Amino acid sequence: MIDLDIPNEKILLAAQQTIYMVGIALIIGTILGAAMAVILVLTRKGGIRPNKIVYGILNAVINVVRSIPFIILMVFIMPLTKAIVGTRIGTTAAIVPLVVFIAPYLARLLESSLLEVNRGIVEAAQSMGATTFQIIWHFLLPESSGSLILALTNGAIGLLGATAMAGAIGAGGVGDLALTYGYERMNFPLMLFTIIVLIVFVQLIQVLGNFLSRRLRHK
Amino acid sequence: MIQFVNVSKEFSSSTENVNALRGVNLTIEKGDIFGVIGFSGAGKSTLLRMVNALETPTAGQVLVQGKDLEKIPPAELRKERKKIAMVFQQFNLLDSRTVFDNVAMPLKLNHISKVQIADRVEKLLTFVELSDKWDAYPAKLSGGQKQRVGIARALATQPSILLCDEPTSALDPKTTDSILQLLQKVNRELGVTILIITHQINVIQKICNRVAVMESGRVVEQGTVLDVFSHPKESITKDFVSTVIDDHIPESIKKSIATETRNSTIMRLHFLGSNSREALISAINKKFDVETNILFASVHELQGTVLGTLVLQLVGPREEIAAAETYIQKSDVDFEEVAV
Amino acid sequence: GCGETAFSSSGSTASTAQAKKELKFSKSQGPYSELFQKGVQPILEKKGYKINAVDMSDLSQADSALNDGEVDFNVEQHVAYMNNFNKTQNGHLAAVTPIPTVPAGIYSGSKTALKQLTDGSKIAVPNDAANTARAYVLLQKAGWIKLKAGIEPTKATQEDIAENPYHIQFVEMKSLNIPSVRSDFDFIVITGSIVYNAKIDPSTALLEEDILPDLMLHLVVKDSDENSQWAKDIAAAYQSDEFKTYLDKNNNGLWTVPDYSKK
Amino acid sequence: MIQFVNVSKEFSSSTENVNALRGVNLTIEKGDIFGVIGFSGAGKSTLLRMVNALETPTAGQVLVQGKDLEKIPPAELRKERKKIAMVFQQFNLLDSRTVFDNVAMPLKLNHISKVQIADRVEKLLTFVELSDKWDAYPAKLSGGQKQRVGIARALATQPSILLCDEPTSALDPKTTDSILQLLQKVNRELGVTILIITHQINVIQKICNRVAVMESGRVVEQGTVLDVFSHPKESITKDFVSTVIDDHIPESIKKSIATETRNSTIMRLHFLGSNSREALISAINKKFDVETNILFASVHELQGTVLGTLVLQLVGPREEIAAAETYIQKSDVDFEEVAV
Amino acid sequence: MIDLDIPNEKILLAAQQTIYMVGIALIIGTILGAAMAVILVLTRKGGIRPNKIVYGILNAVINVVRSIPFIILMVFIMPLTKAIVGTRIGTTAAIVPLVVFIAPYLARLLESSLLEVNRGIVEAAQSMGATTFQIIWHFLLPESSGSLILALTNGAIGLLGATAMAGAIGAGGVGDLALTYGYERMNFPLMLFTIIVLIVFVQLIQVLGNFLSRRLRHK
């Protein structure tokens, strides 16, 4: 095998770190992102519970967060990170900015998916006396599930990309390995190898996403 | 009881305004099977959708059991809506759920236990003859099958009001009949008030007790089915009634009448109720020297009352025909001479 | 499973100053951390220290972490940078001792000698905070530009150029990328870590900077740790003969050594 | 000419297989207006969708003008499809286009000039009575309006074959009639072959010349409308025919018959063609000492031929009734005694 | 006004550079991304022209490109950049990696939007004898336009984020200003100011996107 100039355990650890960060941040980010998406869809003009103020604020907050380059975002929310995980460096600490980064992004993707649900479905739900929560849970989410899964797939891949930058706060991970030990040290074999690892990750995520979305799409 | 008080609905967009309803006044009593007919675009669906507040009037009020659904708080609106089931014109099934789950949905929303849901859904699916399709997704169903799922779903919760927007448009006559019988059954046995939009006048004829005729957003005629069908006043109502209680003389008969050289008169008789049975034609034949040809005949039963139409050609000497006409006049049967 | 043990919690060992033998430093890619790990760390380990490295690719983040006590020291910055950090972020960092530093240099792009400079030449300049000023000072040394009088040499920017007689076009970009696009420029200015990482022979430099004291890299710790035993031990390790021997063996023209090593 | 040769279609999924068509053989001649009826889920839509290869058979062949669309190259398939227009059961309109653009779409695909498109679309929209809705989007249309847009779109390109999947299911009878007349017109004047699925047997009655009856994926009966309607063989066909050519005696009449104490017989007479006009009842009344009560009557016109049903009650002495029966028998009218 | 410690012209220039990069890269990226999305949708299993090989290759290529951190991507494709724009550095040069970055990303978003189009619409198109191109142009694209616009909005914002990193090859732009002159030099007023500029950009893009998508959505 090619000598990558760095111990195998380091690569293994990086892979674990990446999976850990992407996994946790995706779960939390999905919950927050979905909540925001749902609120956007509910409160928008013509939505189920139109509310200009809530919509306007949330819309703006999402835009603000999405405007800030990730590296600066990491710095901005350091106090928050510290408050939540007790430290501002390391893999666990990276999850906070990753969540803050991915949640609004997912919110936009999920919002778009939810908007594709036929109005008739919502009317059916309303005619059954469904609560707003039930409309979301039993109608909007399942009906757009195929598209939601693709959005999450997209989010997971975007998250994987962001973890590379989380190396700035000592989070490690394969992307950081590619960037620092590969790219910065101009260690091309390592860079290639780590990118291949990333490709495998992306491919796995996408295949899984496509598969699930196809299964959930019954049109 | 559902009351429409001076209800108007205007859909406005940047380019134009559509007056879907214009000052509708209508009362649907508890226990009615109330039919609404009218041309496409007359505002029927809009009217129906106001009963569960899917549409709100731009003027006037809709009162359901005395409540203005537009004015009550959301929680109460939901409670009221649970008592009102709806069969949608476009079905509005969940593509992501199986037939079973679609029908089970309203029950699930009511927190019924799984066992009870399974039991009830199975019964409903058996009834709409879809028990073999319970785990199919809507995309794999035929048009009529989808419609039947929609009907089963609406019946799932045993509502007190059932709104049906052309519930049998995609169904064959036999399935239509069985659905109509079911509707009649829930109406009779559970006292469910049913509001039904349909283009198939035989649907109205078979199960409705009252009917409203709509034209361009207005209710132009309403009353018991018997009244409206036997004595339609508005020309649109006559048009509608004539499509089912057809009293047009078929073209081919018209042609052969034209070849008749003897003296003759053509008249249209309307029988209502038991007098359809009276041996009027027998009597004419026996009493007068005329030959009676039945050019056209139809008998319909509306709400247990028979409504019959007969187009007769009387052939014979002028005086005899006149005498026969006088006889008919006395016999309490509506009649009119018709020109061919 | 993964996570906790290897790369997060740090605080536990930090406080008890007298007994502190386990140290954590933020590491970045390049010669400085490597020099520390190869040349200095072994000396410290012999003294009973246990050194943990945390990869932190961003210096500003690394300083914040240091300032917060999440790591104990780093060896990645010059005093000018540190002072700026202290000033803008209310930092309490202190420079303990200068350490060997790789000078920035002008290297050939498509031109191979300084005298080939022509009107309108294109020169790559690092865009990172620590090094842009160095580059302009170096270009002034070459006599290609003149900076405004009285400008602080550690803070010079493009706007501080008073005279640009050759109408040189400066392209400020990530210094890491400069070597790979060398031929797109007439000349390039890169700092030592880039020279090191790109495996450029430092002897091919057309002109090297005179490292100002403020641009000499330093061992940096939190000011409260400045007088701690471990900080002194690290400084001592840098200044030890053992380290000097190591450096002499591995210098190959890269390092500008602080005065203490010049004996 | 469209030929189905031994066509079967199996939809298979992981959980189960649905045999939507099972060995269908059918020939639709050029110029036919061919009706297909059958219960919901019988396979009608699947059959229709094979004519333009939206569905391909799992066994057998579908030949359209001699060509097996499954076998020809894509470019040729497109060319063939341009000659085959379709009205979809679910309309399938483009939500993002106005009514005008929806109807214009097939013309646009054929690279017709804008001026001609505008002209033609305007005519079509006027015809389907949607000229006021030309710039509305489908979401703002009523069910029937959507269906009319679908019909206008299908007629836009003057196809040589027109496939209609329940084209009038959402329409009121009057609009239905005008659409049917248009279909008849394009059939007569332009020789368009029309294949039409419908549950409304009066649609078949009014415009079809041939009909096929489907049950569980099979064509169980086919022939001219007159044959099939006047002499249905299969029980399903009888069911269907009876829903339109109803010869059931209304319940209320049955009840009042039960009170008749005199000697009487009830018989059902079927008239076909001109003999419906013959003054049979007149003659009976005059020749025999019986009283004739018309319990039920209906007259339908199928393809210009009149089909009549009469349920008569003859009241009188046993011998007289027998004599009257013999007389009827001789008069070449189908009849049968019925028990009530 | 607060002293930002940097001349106004520099900020103006950065804004121009950002608009230039985002604009051009978005246009080209949209064309390429849409083409890829369309090919994916056409060739997928159950699509209009199923083709395992084409689908598989394109799917993999998109995944590979999406796996590579942007900063590394910029370096990787430098030869391509040079071949296309003649230089590897500067604002114009940055457009090449930006396009390579955004196109596969947009491809995924647009793919997801296109998949939401009702099958019946495609059948209607087929029954009219529409060519594959016509199906795409006259049916698939217009029917999903509302959702497509949201995808492009998302893409534009993602692109704006990526331009920040394009400073690494001397492309300039507001994001780079925020990162290098604001963040790295710890010039907080400047950082804040540039972020506000970014927020304004994002807000404008989002408002425009929402507006257009709402106008195009006629369900």
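The chains carry the letters A, B, C, D and E, assigned in the order they are written, with residues numbered from 1 in each.
The rule is simple: a contact is a pair of C-beta atoms (placed from the backbone, for glycine too) under 8 Å apart; a residue touches a chain by one contact, two chains touch by 3 or more.
In UniProt terms the chains read A, E = ABC transporter permease subunit; B, D = ATP-binding cassette domain-containing protein.
In this text, all values refer to a predicted model and were calculated from it rather than measured experimentally.
Engineer: If you walk from chain to touching chain, how few steps can bring you from chain B to chain C?
Structural biologist: Steps on the shortest route: 2.
Engineer: Shortest hop count from chain A to chain E along touching chains?
Structural biologist: 1
Engineer: Report the chain whose CA-based centre is farthest from the CA-based centre of chain B.
Structural biologist: With centres defined by C-alpha atoms, farthest from chain B sits C.
Engineer: Measuring from the mean C-alpha position of chain A to the mean C-alpha position of chain C, what distance in angstrom results?
Structural biologist: That pair's centroid distance is 35 Å.
Engineer: Find the geometric centre of each of chain A and chain D from their Cα atoms only, then give the gap between the two centres in Å, rounded to an integer.
Structural biologist: Using C-alpha averages as centres, the distance is 56 Å.
Engineer: Can you give the whole-Å distance between the Cα centres of chain C and chain D?
Structural biologist: Once rounded, the distance between the two centres reads 88 Å.
Engineer: For chain B versus chain D, what separation do you get between their C-alpha means, in angstrom?
Structural biologist: From the centre of chain B to the centre of chain D is 21 Å.
Engineer: Could you tell me which residues belong to chain D and also touch two or more other chains?
Structural biologist: 90, 139
Engineer: For chain A, jot down the residues that touch at least 2 other chains.
Structural biologist: Residues 71, 75, 118-119, 146, 179, 183, 219 of chain A touch two or more partner chains.
Engineer: Which residues of chain C are in contact with two or more other chains?
Structural biologist: 60, 176
Engineer: Where do chains touch, given as pairs?
Structural biologist: A-B, A-C, A-E, B-D, C-E, D-E
Engineer: Which residues of chain E touch chain A once you look at their complex with the stated criterion?
Structural biologist: Within the complex, chain E contacts chain A at residues 45, 59-60, 63-64, 66-72, 75, 105, 108-109, 111-113, 115-116, 118-119, 146-147, 150-151, 153-154, 157-158, 160-161, 164-165, 175, 178-179, 182-183, 191, 195, 198-199, 201-203, 206, 210, 213-214, 217, 219.
Engineer: Residues of chain E touching chain D in their complex?
Structural biologist: 118, 120-121, 123-124, 126-131, 134, 138-139, 142-143, 145-146, 216, 218-219
Engineer: Once bound in the complex, which stretches of chain C touch chain A?
Structural biologist: Interface residues on chain C, with respect to chain A: 1-4, 6-11, 26, 28-30, 54-58, 60-61, 64-65, 68, 70-71, 176, 179, 197-199.
Engineer: Write out the stretch or stretches of chain B touching chain A in their complex.
Structural biologist: Its residues touching chain A are 52, 54, 77-82, 84-86, 88, 90, 92-97, 105-106, 108-109, 137-139, 157.
Engineer: Going by the contact rule at the top, pick out the chain D residues touching chain B in the complex.
Structural biologist: So the residues of chain D touching chain B come out as 11, 13, 15, 18, 37-41, 44-45, 89-90, 135, 140-145, 147-148, 165-166, 169-177, 199-201, 239-240, 243-244, 250-253, 256, 274, 276-279, 281-283, 285-286, 290-301, 304-306, 308, 310, 315.
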